[in-house]
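Look at the two complexes coming up: chain A is in both, with chain B in one and chain C in the other.
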Partner chain A sequence: MNIFFGLVSATLVGATPILLSAIGGAFTFYAGIFNIAMEGMMLMGAFCAVLGSYFLHSWLAGIACGIAGALVMAGIFVLFAVRLHTDEFLTGIALNLFAVGATTFLLRDIFRVKGAFTNAGIRAIPTVTLPLLDHIPVVGRLLSGYNAMVYVAGLVVIVAAFAIFHTRFGLRLRAAGYNAACLSSSGVPASTVRIWSLVICAVCCGLAGAYLSLGYVRLFSENMSAGRGWISLAAIILVSGNPWGIAIISLLFGFFDGLTVFLQGSRIPTQFTAMIPYAATLVSLYFYSLRRKGRT
Partner chain B sequence: MARGVLIDLQRITKVFPPDTIALDNVSVSFEAGEIHALVGENGAGKSTLMKVLFGLERRNAGDILYRGEKVDFRTPREAIAAGIGMVHQEILLIPEYTVWENIVLGAEPVGPLGRLDVRRARDVVRAKIEEFQFNLDVDALVGDISVAARQKVEILKLLYRNVAVLVLDEPTAVLTPQEIPQLFGELRRLRDKGKTIIFISHRLDEVLALSDRVTVLRRGRVVGTSRTVDLTKEDLARQMVGRDVLFVSQRQPQERGDTVLRVRDLEVRGTDRHGPLHDISVEVHAGEIVGVAGVEGNGQFELVNAIMGLIPVAAGSIEIEAKDVTHADILTRRSLMSFVSQDRGRMGASLTASVLEDAIMTHHTLDPTFTRWHGVGLDYRRARSFTEEIRKRFDVSMRHPADQFQSLSGGNQQKVILGRELLLDTPFVLMDQPTRGLDIGSIEYVHQLILDLRTNGRAVLLISADLEELFMMADRIVTVYRGVMVADLPVEETNVGDVGLLMLGGIRRAHA
Partner chain C sequence: MRKQVMSGVAGVFVALVIGAVIMLVQGFNPVQTYGALLQYSLFTVPALAATLARAVPLVLTGLSASIAFASGPVNLGQPGQLIMGAMGATLVGLFVHAPAPLMILLCIVASLTAGALWSGVAAMLRRLFSMDEFIVTLMLNFIADYFALWLITYPLFDPAALSPMTLPVSTAAWLPSIGGLNTSVLVMLMATVFCWLVMSRGRSGYEWRMTGQNALFARIGGCKVDANYVRVMLLTGALAGLAGGLMILGGSHRFVKGLGASYAWDGIMIAVVAGNGISGTFLYGLLFSALQQGALGMELITAVPSEFIDVLQAVIVLIVVAGRVSLNLVLDYLATRRRLREAQ
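What follows is the complex of A and B.
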């Protein structure tokens, strides 16, 4: 039973950063932007969150700084890909590389450490016990007591699904992706919608980053996003951006991620267990392509 | 018919630097509640004039008066807000969205939290559809409906925004012949409900059938505005081209030669991308033009592609000069046949390639003089002189052979393609809608070229949606209906009415 609860908890914890950044990426996906910069936005978010939390002595300030850091990245993306019409793919690669370089440099320059910065002064995002649920035996243990960002992620999925499919903004957002010229000729500049989608993406990736450095662990280490932005990109493409689909894929990934932690205690080499989530991504891609073939 | 002037364009002048005068002192007034046709050849200034009205091009001089007041729209959005909307030639809709979603996009009714008010949106759209009797399903996906229905959606999109003036840029270009009367009915109904319609076209019959008044533009100047009832087709053509245009056949009687193309009992299986062909037999002799008539989508596409070797033949045979090419590879076919595709931009040429590259296509593989070092390199000097030959012989107006093909006008593009194909010097020529989208002057030129081919003893199979064109060109007309050949008649023994009936599935006639 303990293993079960442990796995559920590890699944939710592992899924959260991927879920948040993938939902952000879903907005740009629907807006017709080939955005691969989630990785970089998340990493920048993680670093800035530590920066804010450490110097301003508040986890809320940390989250705010994380979002601000990701927004700066989005600003650069907007300037180049939307305003100056550079290639989105190249802009994304540049931003991702920039994020690794910039955070590593700033880590060494500001905190005078190499590899990782950990300090008791970093305020972590607190955990939340749900008032009523907590006292129900099994359900309470399953659903209560997680980091606040885990619940935020759940909320973000619901809000995103509503915004994308049931609001005016959503109709315009998807129109920008389907046929930007049509949207523009309908009186709504597609570039404006795209800029907003990038802003939303940055906010989500900022939250994901803040969760990584202030929730998942309480430190910043070089390149700590560790490919999660790329996996979220895979999740988005796999389900064509649908938020509910993204939630499922993220949970699946979180499950394998959690499994890794569990198997580390066993005699299987850690290098091998660490491979599981990525192998699972490839396997799911394979099954997905089979399903697609069956349809056509 | 006392009507007020709604839009008054006064002495509009537009100069494209350095010295191209696109509009020269153009004055036109559009009255409320009329269908006003704006006609002219490609490049006459119709589109530029409308772009000036919508603020897409800035004018160098002149005033625009709308409802008696000077206006200056900077974007189409401002024009729509004022009540003037335009339906462009290329339909700009989202196939993944439903009819109502496409119509309300950009002006959506919303509830709290920015939530789409789906019920109100659908009700309003449905009311508009009923008001103008458009016969559309609000919940149908735009990707699933016909081109004609999409055009209706475009019109409704403007009506939803309560425009008083609709500008339609060659709306019939994308429609099949039987869809056109329906569109005209709808446009008349809009006029009767008080809308003003500006109809841009270069198809004279349509202009005469639909409009109340006509303004003719030629080379950036207004030739004149007349009431349609006072005009004949010949008058209009003369005003457009600036000289008399002959609408009678220039075809001289001549003896036909040996059989060149012989298609026997051709069968093609239908797939989801094309329909089937059954039992098609047709012969074309040297010095003969055979026309293929039919409503689009009744087997012309399949016939052309089967002859060209682009779709597999299930049974039957295709011979050219007694050589069996039923299953021959395309290069073998191309040494025996020239082919002018109806789709200039995709099949006929590469739009982004240079004029020179498009001009030498096929020649560079069939004719060894175009290559050096045993086919490894191209001989650009030869290619340039060949392009120059096409330019001279086919009267192409182009700046430089290295320019992109798409920088040429439609008529000049077609001339390059025709030049390339006709210089292949093959016994058989396959022409699929060679005059589609061309203006009258260019059409006349292409017609003369086709007749010259006949005089020179080539065999021509001409597919056309334009019956009058077929009757002017062809010696014999075969009619296809649902993938079956329903008639093969010498032109002298039939008429436009009979063939029109056959096209629509009328009685099957014996082969002549």
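What follows is the complex of A and C.
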């Protein structure tokens, strides 16, 4: 039973960063932007979150700084891809590499360390015990006592699903992806909608990054996003951006991520368990292709 | 072509100016820093030789990405293919015994094959199950990374070493250096000429470029698009594998943890900034290699951390690529105006 509870909690903890960045990416997906910069936004968010939390002595300030860092990345994306019409794919690759370079450089420049920065002065995002649920025996243990960001991620899914499918903004968002010229000619500039989708994406990726460096662990290490942005991109493509689908896929990846932690004590070498999330992505792509074949 | 050169030179210049501004903001002296950068990358013979040797993996992975992007397949698997190529060369170098020239040849063939096999996996998944090679190659990078780490931590681990690495490969497989110049540079030059011939003079290169620009047009024109796809994937995988193999044969002589760390991603960046041209890839490869080589000296002389170069590289990519698009717009505008005036 303990293993079961452990796996559930490891699943939720591992799913949170992928879920947050994938929801952010879903907004740009619907707006018709080929956005692969989630990885870089998340990494920048993680670094800026540590920066804010350490110097301003508050985890809330940390989250705010994380979002601000990701927004700067979104600003560069907007400048180049939306304003100057640079290829989105190229901008994304350059931004991801820029994030790796800039965070490594700033890590060295500000904290005078190489590799990783860890310090007791970094304030972590607190865990939350849900007031009523906590006292119910099994349910309480399953659902209560997680990092605050885990609950935020849950809320974000619901808000995103509502915003994309049931608001005027969501309609315009989907129109920008479906037929940008049509949207622009009816008086709503598609580029404005796209800029807003990138802003939302940056906020989500900033939250994901802040969770990585202030919740998942309490440190910043070089390239700590470790391909989560790419996995979230795979999740978006697999379910064509639907937030509920993204939630399910993210939980699946979270489960495999949690499995990695669980198998560390076993006799399987850690190098093989560490492959699991990436192999799982390949397997899910395979099932996606089968489903697509079945339809046609 | 002239436009490319113009926008490239202008873009690099603007990026360097932005780099200087960043340094000024941080309180460093840009003139001194750029001076040190040049001195330690180009202005002495040993530094120049080191710059050329460093350019080998950059140019080769750059060529791999260039050919792939120009021909259609989004092969982002250079990091994994490089690791597999290096592992192939290491395995042959450890377990096969042959006289020197043959040994080097065998190792190079092994690295080409290993790289091609790894990209071949992605190509096969695409052909059989229509799985997008873009994400497949990315995921294969991580898997190759952990697989190599397992190999050098357990089966091939050098017991005398403190961190995961293999034993050195047989000395017969070491690439000699001629007058201080690493001979892997010659292999890289040959590969570059080969790629240029294939892409700009060969029939297959023409077919691939047509497919990259308009797959439907190529198919209707009679190109075997599917077979070409597999060929491009295999060739680009082999090129990235060669980069890894040469890093073993001409560099560390053993597979060390973290080998080829960021070279392959830099190669992808080089292909992007060069607009997927062969000669452009070669030149930008040399530029990036000079920057990276000079960074070490820059750190010695000035207080600027060598990681600053990573930022500068990304700035160069963004500015040059954006500059190319905007410059084209401006030139088109000017040309149209001139034509209008002539018509009046």
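The criterion applied here is as follows: the second predicted complex is superposed on the first by the 296 of 296 C-alpha atoms of A that agree within 3 Å, B and C clash if a C-alpha of one lies under 4 Å from a C-alpha of the other, contacts with A are read in each partner's own complex, and residues count from 1 in each chain.
Just so we're on the same page, a residue touches a chain if its C-beta (ideal position, glycine included) is under 8 Å from a C-beta of that chain, and two chains touch if they have at least 3 such contacts.
Predicted model only: the values in this text are computed from it and were never measured.
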item	value
Which of chain B and chain C A:Gly121 touches, first, second, both or neither	neither
Partner chain(s) touched by A:Ala94 [first = chain B, second = chain C, both, neither]	second
Partner chain(s) touched by A:Ala175 [first = chain B, second = chain C, both, neither]	first
First (chain B), second (chain C), both or neither touched by A:Tyr278	second
First (chain B), second (chain C), both or neither touched by A:Gly227	second
More chain A residues in contact - chain B or chain C	C
Touched partner set for A:Asp109, first chain B, second chain C, both or neither	second
Which of chain B and chain C A:Thr167 touches, first, second, both or neither	first
Contacts on chain A seen with chain B and repeated with chain C across the two complexes	none
Chain B contact footprint on chain A (complex, rising order)	162, 166-172, 174-175, 178-179, 181-183, 185-188
Touching residues (chain side chain A, partner chain C) in the complex	76, 80, 84-87, 89-91, 93-95, 97-98, 100-102, 104-105, 107-109, 227, 230, 233-234, 237, 269, 271-272, 274-275, 278-279, 281-282, 285-286, 288-290, 292-293
Residues of chain C touching chain A in the complex	26, 74, 125, 129-132, 135-136, 138-140, 142-143, 146-147, 149-150, 153-154, 262, 265-266, 268-269, 272, 305, 307-311, 313-315, 317-318, 321-322, 325-326
Complex interface listing, chain B residues touching chain A	76-77, 80, 92-97, 101-102, 105-108, 110, 113-116, 157
